[in-house]
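Which chain is which? They are A, B, C and D, in the order written, and residues in each are numbered from 1.
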Amino acid sequence: MTHKIAILGASGYTGAELVRLIATHPTMEIVALSADRKAGMDMSDVFPHLRHLDLPALCKIEAIDFSAVDLCFCALPHATSQRVIKDLPKDVKVVDLSADFRLRDPEEYVKWYGGAHDALDCQAEAVYGLTEFYRDDIKTARLVAGTGCNAATGQYILSPLIKAGVIDFDQIILDLKCAVSGAGRSLKENLLHAELSEGYHAYAVGGTHRHLGEFDQEFSKLAGRPVRIQFTPHLVPANRGILGTGYVHGDAKQVYDTLVETYKDEPFVEVLPFGQTPSTKHIRASNFCHIGVVADRIEGRAIVVAALDNLTKGSSGQALQNANLMLGEDETTGLMLAPVFP
Amino acid sequence: MTHKIAILGASGYTGAELVRLIATHPTMEIVALSADRKAGMDMSDVFPHLRHLDLPALCKIEAIDFSAVDLCFCALPHATSQRVIKDLPKDVKVVDLSADFRLRDPEEYVKWYGGAHDALDCQAEAVYGLTEFYRDDIKTARLVAGTGCNAATGQYILSPLIKAGVIDFDQIILDLKCAVSGAGRSLKENLLHAELSEGYHAYAVGGTHRHLGEFDQEFSKLAGRPVRIQFTPHLVPANRGILGTGYVHGDAKQVYDTLVETYKDEPFVEVLPFGQTPSTKHIRASNFCHIGVVADRIEGRAIVVAALDNLTKGSSGQALQNANLMLGEDETTGLMLAPVFP
Amino acid sequence: MTHKIAILGASGYTGAELVRLIATHPTMEIVALSADRKAGMDMSDVFPHLRHLDLPALCKIEAIDFSAVDLCFCALPHATSQRVIKDLPKDVKVVDLSADFRLRDPEEYVKWYGGAHDALDCQAEAVYGLTEFYRDDIKTARLVAGTGCNAATGQYILSPLIKAGVIDFDQIILDLKCAVSGAGRSLKENLLHAELSEGYHAYAVGGTHRHLGEFDQEFSKLAGRPVRIQFTPHLVPANRGILGTGYVHGDAKQVYDTLVETYKDEPFVEVLPFGQTPSTKHIRASNFCHIGVVADRIEGRAIVVAALDNLTKGSSGQALQNANLMLGEDETTGLMLAPVFP
Amino acid sequence: MTHKIAILGASGYTGAELVRLIATHPTMEIVALSADRKAGMDMSDVFPHLRHLDLPALCKIEAIDFSAVDLCFCALPHATSQRVIKDLPKDVKVVDLSADFRLRDPEEYVKWYGGAHDALDCQAEAVYGLTEFYRDDIKTARLVAGTGCNAATGQYILSPLIKAGVIDFDQIILDLKCAVSGAGRSLKENLLHAELSEGYHAYAVGGTHRHLGEFDQEFSKLAGRPVRIQFTPHLVPANRGILGTGYVHGDAKQVYDTLVETYKDEPFVEVLPFGQTPSTKHIRASNFCHIGVVADRIEGRAIVVAALDNLTKGSSGQALQNANLMLGEDETTGLMLAPVFP
């Protein structure tokens, strides 16, 4: 049986990554690709790397016959996504890659995204899409909200530790290093090759990054009380990858054991031998997340480092993993592509 | 039916690329991986990006039971390859990725590689492995000699034009830009990040690059008389990719039509619309080759540009394509992975 | 004595490069910096790398008192430049970095730049600013037109050879590799880090690049008859640098001797030992140009490779070299900064 | 008056960087360059970017006439340095760039460097070379020990805060991102372009990096009691630059004021406006250090970020700054080169 797939917002990086992954998926067929301003163009004009594929031309959303669609990936910009999704037929399954349905509390949404939510019903219905922690809910969900790529990285490091109570909730620092594709295909001066290559810097320093909304929500829920972490993202001169360095107060061996236990049956999360740490180079273009734990020289402190590809495990790969579950497929279908090295 | 595969020299980049590709190949199983100096180690210690795979440990070649091997990829260094291959059981099919069996004429081998060949019988038997031009011979071959990555790029541009006689054989220039992984995982000062990043230069200028041996052999054969081209490779700060810019004297439209006709049924070679040229960015980590033709402002001259990934179409992907044919599989099996962008 | 300097269009890369160079120039003082849309801002807000300098705030051109200016660098966009320069007081010396005054023939200007020239008087007066070939004219010029960065590279390779008549004028190919800063600080999708890093491609293929107008003008003048070369620029993933690979028909030793003789007293052009070729890595952020010559295996053909930094020798450094001459300073003043490696 | 300068270990990156800086220094002249294994070669064969300079050929140390040397930069590997320096004539001033004389306590040296010190007399005499904090001692020193590049970055962030007592000494985390040239011109697999480009990772995690010896020594001295910080360096795909992200418990405004006050007269340390943070891109190839402070959303916590160029301010520039002081020159002589951007 073949699942009919639509991708809304196919002209961005996450849209293209979805097409790349679905290209070799055995039971999915792309029946519609939307891109508002590029409607009428061939996908290969926008993304020449996909020219070997037989794909539908880009169209406007209004032109899609959703009665012939089983599942719709929504890779639209934040805010646009909610306006589109609330009008989709209710029998179409939806995996949203935007930030619009990640926060459960409407007030938190207003706080982090600066405006009222336009589709509160959908927000109430949406399941948070971090597969490893919400697998059962995702299987039966109609609408899944993809986790932010930084937020995913931080949760792979911290969620099991907070849930198990093996670290001090008030002394958590997450220092993150992100590659540039996380910022999307947007024309900003600081994303130019000449501005970024050979340089790196912190941004959204001091607790202003929107993914903190997700951290606050998820970590507080796990802890049963408010948890606020410190979080500093940095932009590094690479195209794909996120490396999160977590500083926690807790026994390193206990931290390690907790992570090993949590992820022991997970197909995509690999915990390295104790004392080893990962590189973004080793998960590139794949759905894998590598995690390592090291004991600090100061007793009672541990460093936990995780690496994943922001476009794959942090976004489109995660979305496909969820879609597999929603459609009754094995979670790993089409996603076991090995990382590309070097 | 599953084909039992051995990879000799699995600790280099082409070996790792073979494992990456075979990881999602439906009918191949890796039963042996050799790496002389790293025998005993796990592949994931040498290449952590492959740690999710269940692979045999690295071993010495002598430890491999070749009676349980259907096909052997040989990713050993030049010169070593011939000494190993001549001693392999004759009922094991072999795809060699080294330069050892590319040249048909022993004297040419001596000229370009600086020493007598050690396995002249095998050399006589070997089929030149540029699939698009030797497909029928490869299907029945026991030993296939993988084309050099620069040599493949140049031949995709020039072989159809020389065969069709639509260009002046004495006015051919090939200016090539290669990424660094083509040089392998070797500890050379000029391959250090600090030495290469942000800089680029020509090398082997003036006709000293060994791949000229392949060009001379193949082009002269097609032309029915000696053909000598000018060839300058350049090293650019990227990891994967070759871009060949061919300057030819001939009618651009005729050149274009010849390429379109030659490649019209080829699954991996895509000729772009007339006037467009390719980017290495759009074939990265895939087995595709993109080719474009432009007419020069000087009448009777054309520029033909081709892009491919040196590790995939230029080496391990090409090898797998040939192995598929040798084993009776569809040529594209396991190779339709879409390019990774961005 | 201190020369009062104004820089018009200081918010682009060539403007910033001028400031960088003048920062340690012993006899120049920057008295005005213009940037139309950023008027009122501090230079350090636009270019934080210059924050240690005590610079005038950015202003509109109208706000500059040109009676207190000795020499004005004009780093404005093409077409804008001519409209500004024609209205400048005639006693202010001007070094223009745009393309507006490079072509002598108004019809050629129309052909390459697609519109009539707005300041024909100035065009008639302007001196072509390739210092090594127009030194005497530059010394007494009021208006100097900076050479294009690609055009400069090609002329360092070819002009002496055409002038000496040691190569075949009808068989000249120039294959160029440019870094991305040559495209300026402009918001174009193909200049994004994610689009460019790890990839490379040809552009303006077939004789459509505007710098061909300069080649045609200068080479024909030297040859005493029309000369048309083939020219293909490529964009490579680096920030600074141009590498030109010239293919010529001529005796390599004679080619070499001609270049050695031409440049023997030049402070910034270095001819490498015969058989060696340069790297952009070795001239980065400096005003030097390195040139190498190799004999091809085909008798009677030579390859000449040149490397320079597009922002320095190809633009702002060249401009400062000319300004030194126009102001009666030693040509090398402030320009002997060693290349930055690695 | 011209100071006669020798550079021992001139074939490494810090040696080359010294030559680059001294090339435009008005009162220094390089009279000797040593490189043991490359003795006899021209510097331009080892570093072609320096070919425009008139430099002495590389020689063995034994060949240097130190009676004609005023000051000697020692850019030799750790351990080698001490054996060489102890035998130098005592009237030659020495700036050492290795780690050999940074630690005051011989036992700490053994602990971090794994062997007994070979020149304890010199170790006792050496002055720690972080100019901003040891300026007076450096002026009269004979032997100055250059600070480690990571150690310098951390101290610019933390030393003033510890000295002023405005942060909690037991809750200091320094997350560092270093470019690759810090590892030197050494043939290691992990420094190859193909291994590093497009990837990044942590190393020496958990408190094993040798620069912690410097932190422990300096911070404990300033605090008047033992201070142990957490420190994680990361390797990022860039050639030059260190970005240190310091997490401290303390009032952000007080932290900021302390840094502003400390550095207000420093020529090379720039404190950005409150709330802004620096980029390595803006200090590249210069002797400047940019520092920024941001208040975290958690009250009582601040993030301090510093950027410097590891080869310049972190090593050779710092060394030259010290040499200027030792020779009675203005500290900034030859060092006011503006950063290279882009």
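By definition in this document, a residue touches a chain if its C-beta (ideal position, glycine included) is under 8 Å from a C-beta of that chain, and two chains touch if they have at least 3 such contacts.
Everything numeric here is computed off the predicted structure, so don't read it as measured data.
Comparing mean CA positions across the assembly, the chain most remote from subunit D is B. Interface comparison, A-C versus C-D: the pair with the greater number of contacting C-beta pairs is C-D.
One finds 39 Å separating the Cα centroids of subunit B and subunit C. For the pair subunit A and subunit C, the distance between mean C-alpha positions equals 45 Å. Centroid to centroid, with C-alpha atoms defining each point, subunit C and subunit D lie 36 Å apart. Of all residues in subunit C, those touching 2 or more other chains are 13, 181, 194-198, 237-240, 278-279, 281-282, 284, 342, listed in ascending order. Residues of subunit B that touch subunit D in their complex: 13, 180-181, 185, 187-189, 191-198, 237-239. Against subunit C, the residues of subunit D that register as touching in their complex are 13, 16, 19-20, 23-24, 47-53, 181, 197-198, 239-240, 270, 278-279, 281-286, 288, 290, 336-342. Of all residues in subunit A, only 171, 173, 175, 177, 194-203, 205-208, 212, 228, 230, 232, 234, 236-241, 243, 245, 247, 275, 277-282, 284, 294-298, 301, 303, 305, 307, 342 touch subunit D in the complex they form.
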